[in-house]
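Each of the two complexes below includes chain A, the first together with chain B, the second together with chain C.
== the complex of A and B ==
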């Protein structure tokens, strides 16, 4: 376990090694939230509510979902693809640890770093600039914390799955890009799932994506009741377990037919 | 002595895809692709005993790296058996890699963006090395390789030689009984090479570390290894002492003469009539080379005759170098 914690620390150091990335990150996220705020204000116009959300709830939803994204989002799929294409995966395999576990830890290190040094200060700025309402109910925040942790695992599992396909496809940058768009759209980051047409919402229920962004954001904006929140968290948990299996199967297949590229 | 590495009938096949010609071919390739199964390693057998330093040599693409990758548990063999340190590398990878150290000369195992000591610290945790073991062992390694001043620098700012020394130290953090080195001296200057060689000799003596080394620099092999395993097109073509190779293939010696005056080849030929000798001339420098078999009597005769007849500026007696021996073997493809 020690080694996995050490990996989180190393990832912190790596994030700190590139300061410019860090500052521009905050800027990009703030701009995104601003843009969505103005877009939604225009859509709402003089309407009080759309699909049960007020304009303030909507702004809060946007702000929270972007800040949560800073935590669950990572580029593990691209990193894996690069490591596999350049043959660096050989180095990973001569170490006495579980490659996928270590990758997850790297993602977690990155996520925690961004949560504390990126989401929290960013949230403070956004809070003073835009009309956002936070609940001060600690139990809601507790559920939210649990929920984004599960979002992180669902998203990371999808990333690992996409990353492993590099072993079979050798170049999967198209797939990686497609996966990112699908997640941004279907997870409720760009548009709350309740805004989708009815049939699409039914389809979404059978997909893991809404567990990534929609559930935690709805919990914290109080769009969900307490029981709904618990149900949502249970659903996320089930997805974390379901996604674990295809990863293990693909990984053991991948190791068998592994080719180290470039000598 | 116990065997550290046992390899029997080891084989690795790769699929090699070939593209069809032309646009039509390219469209057909979308549906079905032509491929051939090419053996990269073809039924090889060898044993390595504890404490041995073995040079694993062969041309580019002979299958050296593929073998090393199978021995380290990265690749799965197509068929055959491997037992290293009493374990099956691929099956028990996580437990197995704890007992080996690996340096790939062309790949870094340190983290690019962070200081060397942070990489060391992570590896120390990864290999579960205790503080005492780390301090007693690594302080020595760090001193011998002279990397103390590099420890707080990020890897991306190190020169190749500095980085290689750090890589070697990183591979030894858990003091493994078996060390795989895949071209560890590639692109290094003479001083760094010497330092690395001395260091390898030292740990081999001190800890009885078994070392398997692949390299294209035969001076490395000469300096370190008593035994070589030579590979060609996936097959072992020689496995034995380096000395035997030299004795068997080191046929003949070369005499090099440089004269003060102008001399023609025909005059030299006349001079050494009756002696089995071959003359070659280097036009530019007036250097003449006589190749003849390794016989003291003959050599003295030739030198005596030539020295008596012409004024000499320089004279050299050369043995066939290992490099030439190996080149001969590569060209013929057999021992």
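== the complex of A and C ==
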């Protein structure tokens, strides 16, 4: 366990060394949130509410989901693909740790870094610039914290799955890109799942994506009641467990058919 | 002349390498198609809840999106420089480029050419024709010519901005996360600029003029007279930004000291 914690720490420090990038990043995320704010204001027009969310709630939703994205988002799939293609994975495999576990921890280190140096200051800026309303109910924030942690795991598991496919496909940059756009839409980052037509919502109930962005954002904007929030978190938890299995299966298959070219 | 023959030389080499991995092309095309489909879904879902976006109808917005796809396809085919920093500066590949007898930027563009992105233009055209026919737009004899001019203008705007961002690497060699996020900003050009506030509208028009990639030129074909002035500015802005970016590039290359081996 120690070595995994150490890995989180190292990644954190590594990110700290390059922190200047993040100040520009905050600015650009804010612009991003801003643009969606205007888009949504135009969409709302003179309407008070759309499917139970007011403009202010919608703005908060957008801001929270982008800032939460900074925490759960990582490029593990691309990193893995690169390591596999360059043959570095051979060395990773003989090291005395679980490769996938280590990747997850690296992602977590990155996420924690961004949470403190990106999301929090970013949130503060956005809070002063746009009409956002936060609840001061600590229990909501507690549920939110739990929820984004689970978001991180779901997203990371999907990334690992995509990364592992490199073993079989050799070049999966297209798949990685496709996965990213699918997650942006179906996770509820771009628009809340409740905006989709009923049949699409029904389909998405059976997919893990809404656990990535929609649930935590709805919890914090109070679009969910307390029981709904608990149900959502439970659902996220179930997905974390379900996704664990295909990863293990593909991983053991991948190790068997791995051919290292170079390295 | 030399530059043109170099272009075709590289193009033929490029085609040979790409045709080695045909499955790749297919997957990439499919993932492009998917991301375009997702943007369309976004528009469709949003218009499930409203009929007009500041006076623009659903089909008009779809038309703008279709137009936007064409210059961005041209851009991604020829200005594939998003990893310029890692590939050329950090790894020191630029040393090799600078020893070549053609302009360094042109050389990099040739090396990184990605013709299959042009397929995105076909999707764009299809989307435009779909939306256009629903709106009952007529095609005039001059439309195709203006379309080509506007598309080139838009692609140059795009290219100019991204080259300028790539130039940052000459002065600051740390990795910047600007490039990928600039893609996000470029997406605002697909929506009518009058939904944004004055500041953002100003930025999208004069600073990061992505509005000239999508909404301004598309407004011409939609017959939105109040935007015509901006539509015709598209090629001008494109050329100005591109020339500026090349000038900045030339300055940057002088600054370049080399890294790696």
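Keep in mind that, in the parts below, the second predicted complex is superposed on the first by the 260 of 263 C-alpha atoms of A that agree within 3 Å, B and C clash if a C-alpha of one lies under 4 Å from a C-alpha of the other, contacts with A are read in each partner's own complex, and residues count from 1 in each chain.
Quick note on the criterion: a contact is a pair of C-beta atoms (placed from the backbone, for glycine too) under 8 Å apart; a residue touches a chain by one contact, two chains touch by 3 or more.
Everything numeric in this text was worked out from a predicted model, so none of it was measured.
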Legend entry - Partner chain(s) touched by A:39 [first = chain B, second = chain C, both, neither]: second
Inset, instruction - Please work out whether A:184 is in contact with chain B alone, chain C alone, both, or neither, and reply first, second, both or neither. - result: second
Inset, instruction - Return the chain, chain B or chain C, that is in touch with more residues of chain A. - result: C
Inset, instruction - Answer with first, second, both or neither: which of chain B and chain C does A:87 touch in the superposed model? - result: first
Inset, instruction - Mind working out whether A:18 is in touch with chain B, chain C, both or neither, as first, second, both or neither? - result: both
Inset, instruction - Could you look at A:79 and tell me whether it touches chain B, chain C, both or neither (first, second, both, neither)? - result: neither
Legend entry - chain B and chain C footprints on chain A, overlapping residues: 18
Inset, instruction - State the interface residues of chain A toward chain B in the complex, per the touch definition above. - result: 2-3, 6-7, 10, 13-14, 17-18, 87-88, 90-91, 93-98, 255-256, 258-260, 262-263
Inset, instruction - Under the touch definition given earlier, write down the residues of chain C that touch chain A in their complex. - result: 21, 24, 27-28, 30-31, 34-35, 38, 41-42, 45-46, 48-50, 52-54, 174-178, 181-182, 184-185, 187-188, 191, 195-197, 200
Inset, instruction - Would you pull the chain B residues touching chain A in the complex into a rising list? - result: 14, 65, 69, 72-76, 93-95, 97-98, 100, 102, 104, 106-109, 111, 113-114, 118, 121-122, 125-128, 154
Inset, instruction - Going by the contact rule at the top, pick out the chain A residues touching chain C in the complex. - result: 18, 20-22, 24-25, 28-29, 31-32, 34-35, 38-39, 41-45, 47, 50-51, 171-175, 177-178, 181-182, 184-185, 190-191, 195-197
